[in-house]
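Should a chain be cited, it is by its letter among A, B, C and D, assigned in written order, with residues numbered from 1 in that chain.
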Amino acid sequence: MPEFQEKSPVRGREQLTPDVCRLTLHAPKIAEHARPGQFVMARAGATLDPLLRRPFSIHKATGDGLISILFKVVGKGTRLLAAAAESVEIDLIGPLGRGFDTTVAGPHCLIGGGMGIAPLYFLAERLMRAGRQASNPPVLLGAQTQAELLLLAEEFTELGYPVLTATDDGTIGHHGFVTELLDDILPEVQQVYVCGPMPMMRTVALKCRAAGTPCQVSLETHMACGLGACLGCTYPASGGGYLHVCKDGPVCSAEEVTWTL
Amino acid sequence: MDPLTGAASPDLRVDIGPLRLRNPVMTASGTFGYGEEFASLVNLNRLGAIIVKGISLEPRRGNPPPRIIETACGMLNAIGLENVGVDRFITEKLPFLRRLETPVIVNILGDSIEEYSRLADKLNYARGIAALEVNISCPNVKKGGVAFGTVPEMATAVTRSVRQATGLPVIIKLSPNVTDIALIARAVEEAGADAISLINTLLGMAVDIRTRRPRLANIFGGLSGPAIKPVALRMVWQAARAVSIPVVGIGGITTVEDALEFLMAGATAVQVGTANFFRPTATEEIVAGLEEFLRQEDLSSVRQLIGSLKTE
Amino acid sequence: MDPLTGAASPDLRVDIGPLRLRNPVMTASGTFGYGEEFASLVNLNRLGAIIVKGISLEPRRGNPPPRIIETACGMLNAIGLENVGVDRFITEKLPFLRRLETPVIVNILGDSIEEYSRLADKLNYARGIAALEVNISCPNVKKGGVAFGTVPEMATAVTRSVRQATGLPVIIKLSPNVTDIALIARAVEEAGADAISLINTLLGMAVDIRTRRPRLANIFGGLSGPAIKPVALRMVWQAARAVSIPVVGIGGITTVEDALEFLMAGATAVQVGTANFFRPTATEEIVAGLEEFLRQEDLSSVRQLIGSLKTE
Amino acid sequence: MPEFQEKSPVRGREQLTPDVCRLTLHAPKIAEHARPGQFVMARAGATLDPLLRRPFSIHKATGDGLISILFKVVGKGTRLLAAAAESVEIDLIGPLGRGFDTTVAGPHCLIGGGMGIAPLYFLAERLMRAGRQASNPPVLLGAQTQAELLLLAEEFTELGYPVLTATDDGTIGHHGFVTELLDDILPEVQQVYVCGPMPMMRTVALKCRAAGTPCQVSLETHMACGLGACLGCTYPASGGGYLHVCKDGPVCSAEEVTWTL
């Protein structure tokens, strides 16, 4: 699989909430080769603090050489990225890792929680493009509060997906966990794609297991390289031993993973 | 030959004991996988040597996660020496490496003197290996005792056994977690090492104040990256003055300026470690930067820089 | 009492042997001058204790410049223990400090066992000193031999002699440049130390590649700052498990999160060093941050945090 | 002497040359108490790399709570400062150190080389304000090239000082060292103030010594604290021992200093 390092100028910056930011970057090679579920390792500026690149799912990849990342400011690295002005160059490596398997037939359900929504947009767009929209159950999107969801929900709708939302504070959609929306839908679907916090993915994975529905999850671990070299990004595999999330994932079958939180 | 000026290219060749390298820039063990991982980002044939992830007799799973954590200008790792084991290394990893023009140095590790010598012996029969680097530090693996590299007698014993088991050049990689690095350096020189490399990681720790647990499942981890460069440079200088075999400098090297500091302090070559993670082209950039520096300073060979530090 | 909520303020008091501190946040020797230097920027009465620049029997001029150099997330210093000497300290510096409500701890250093004990003896007669901290590391001063703090017998001898010479609480400040910190910690505990503090700086070096000279006139310098925090934390944890006297954590502490890591790892108190230079209010902010953290976690005393790290 | 820590928003930014920058900062307490020759310790951003504050002479201090610093980008710290956008806060400590002695009577000559011009403007402005302009010999300003000098020379002229310039490349004024301009002027003056690179200050100091004219120099050393605490900023004193530049200086009498370059 081809991997590229590109110095990618910022071409667009949107502040979705005070701490959620979307950057659009010019990275033609990455954009061309990216598949849904893959990620980039990003670095802003020349400082050695923060030292390591930060992993971000590819949120959008378009024909004009642009990709987007959607992220929440949680620490030093994301703060630097969020502060990057127009035309500042972000150093990207990508596309990395194993993406979603989009070849599975039949109705599918996409479930995103928080920033886990990021890769799902790219997935939804490609599934649509592959002509898979017919009579799909809704995309399920969860977040802490309305502000995080407004724009994103609209974009899924524009793609042609029905959308159901849930918020922790009830400001929009279902008041509670997004996973609670799955029960009604699960019987109709033949494939679940989920990305979000681990407890959420675990709930979805266990529901899918009970229903016998295949489920693909997108894992998060600390990563130093993203290239399979540091062996730092391990996650316990169901068969014993470890998955290396940057190579064996980030997208794995829920059955490959140990769910012992 | 410089294509533009027609001037002779500066000579970057260095000798690590019996091993001649095209240039003094290698990749540090454990930070460059088995080479392939960087093939799409780095011109592997530009490197002085590739040192692969540490190999043991049997495959190792390594430590439970979390295994890495970023620190100020550095990182802690507790990989636990996960590796495919020597047999799979030879059958699965070596063929790719053998096709490169770049010498391959195999980093080995063991739990006992016998394991080291059996590994060295096994690797004798594999084609395409230029040298062995012997990791005697292993701070990440919880083995009842102290690390080999912290006790001169133990360091001597490992060196002897590997020396006897192989005809390949032997580089002993020292642990920095010692009171007197010169003492250990001399011990392994006397025991027959062709060269020494240093430093391995500094033993460190980090705490998650919310959970009140160590951030690494292994509690301890090895500190690497720019943060440790001043300590590494000091130890390289001390070691280079203590022995007459070549010294390979490691620790936080990220730029050509860093590499030059180590060469001047007495290193015959350098290894780039953590920098590969955040700047995968670091090795190539250092090679180009060395040529450029030699031109600027009007020097014909990188060997003129080695140990050129003036101290009075 | 919290003025807003009426809730009882969390209790920040800790005991360093016989010495009770209002809170566990002190200034590290050599990074806070003699206190006065920070009087206009910091509320000195908010601190747990002030530890002054290391004092010797005779005034010392220190090393020639350059003495300091910035490194990645750290700095190297080779001040060479410049100080006004014990007599001028008592007459010129102590009067200011005595007027504060904050206990003053005098850091002492010497070239010989006798010098340490004579210093301790002299300071017995000065009013307004709460404790002595004994620097047995001195990596910056070129003294024919090794540093006291790297050999258990020498560390024992210094501790004994200071212990005998003074009735003040004695804190022995350990050098991190050793293979086994627990060994040294136990040695000074047995020799009568009331507490230990660690770490002093890691021995490091930097090279100016243009001049091909060491960047510090002294060649070696002591590495301090955030870069060394993981090593310091590891050593504090090891030392705290090895001894039953209180341990004072030092090394790269800049924020309240850093301080909490050290407390959880077993430190009864902490010292803020290099951070005073770039963030002079660091100590005060840490005191406030500790109160805040205790409130958030619904704890009544900072002592509940000490050594609270869970490791399985 | 009062010292303050102020979070000082950027109120103005001028790029004099591609690598010389002037920042105007809102630091009312520092502005109020600053005297010519004093400096600030500055820090931009929250990163730990660079770690230490950087010392800069106070270039201007005005009644409206503003100070300026004039600096050349030479490394990480100055690069960060030069990148600071409008209203970003720079963390300042100041005013620090011993400034110029402005109480000396009689004609005086100000000599600035490169960024050493920075404190001289503040000095010139205060000398003028104190009514010391009468029949002064010219200010001597040296730099590598014209671009660095143009605006600054004009500002000294506006203050009422005659200006003579010298550049290394001869693009403006005398082609050569600014110190060469001193010979003609030295006999007329009773006090020389100089700030610039060490070799330049040395030349001036030795000329002044030969002429018996008092000379004040502004020293530069690496500084960790600027407060007299770290003891890192030493410079060999003529009487033996060391000066601590942040406290005993930066401005010293040329006779206090060892000139053994």
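Just so we're on the same page, contacts are C-beta pairs under 8 Å (C-beta built on N, C-alpha and C of every residue); 3 or more make two chains touch, one makes a residue touch a chain.
Nothing here was measured: the structure is a model prediction, and the numbers come from that model.
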{"item": "Third chains touching both chain C and chain A", "value": "B, D"}
{"item": "Chain B and chain D, separation of their C-alpha mean positions in angstrom", "value": "47"}
{"item": "Centre distance in Å when chain C and chain D are each reduced to the mean of their C-alpha atoms", "value": "36"}
{"item": "Rounded Å distance between chain A and chain D, as computed from the means of their C-alpha atoms", "value": "53"}
{"item": "Multi-partner residues of chain A (at least 2 other chains)", "value": "48-49"}
{"item": "Set of chain B residues in contact with two or more other chains", "value": "72-74, 225-226"}
{"item": "Touch-based graph of the chains, sorted into line, ring, star, complete or other", "value": "complete"}
{"item": "Partner chain A, residues of chain D touching it in the complex", "value": "46-49, 76, 85"}
{"item": "Residue ranges of chain A touching chain C (in the complex, touch as defined)", "value": "48-49"}
{"item": "Residues of chain D defined as touching chain C within the complex", "value": "2-5, 43, 48-53, 93, 221-225, 227-236, 241-242"}
{"item": "Residue ranges of chain B touching chain C (in the complex, touch as defined)", "value": "71-74, 76, 150, 177-180, 202-207, 209, 211-214, 219-221, 223, 225-231, 233-234, 237, 252, 257, 260-261, 264-265, 293, 308-311"}
{"item": "Interface residues, chain B side, partner chain A - complex", "value": "30-33, 37-38, 40-41, 53, 61-62, 64-70, 72-75, 77, 79, 82, 225-226, 254, 274, 276-278, 280-281"}
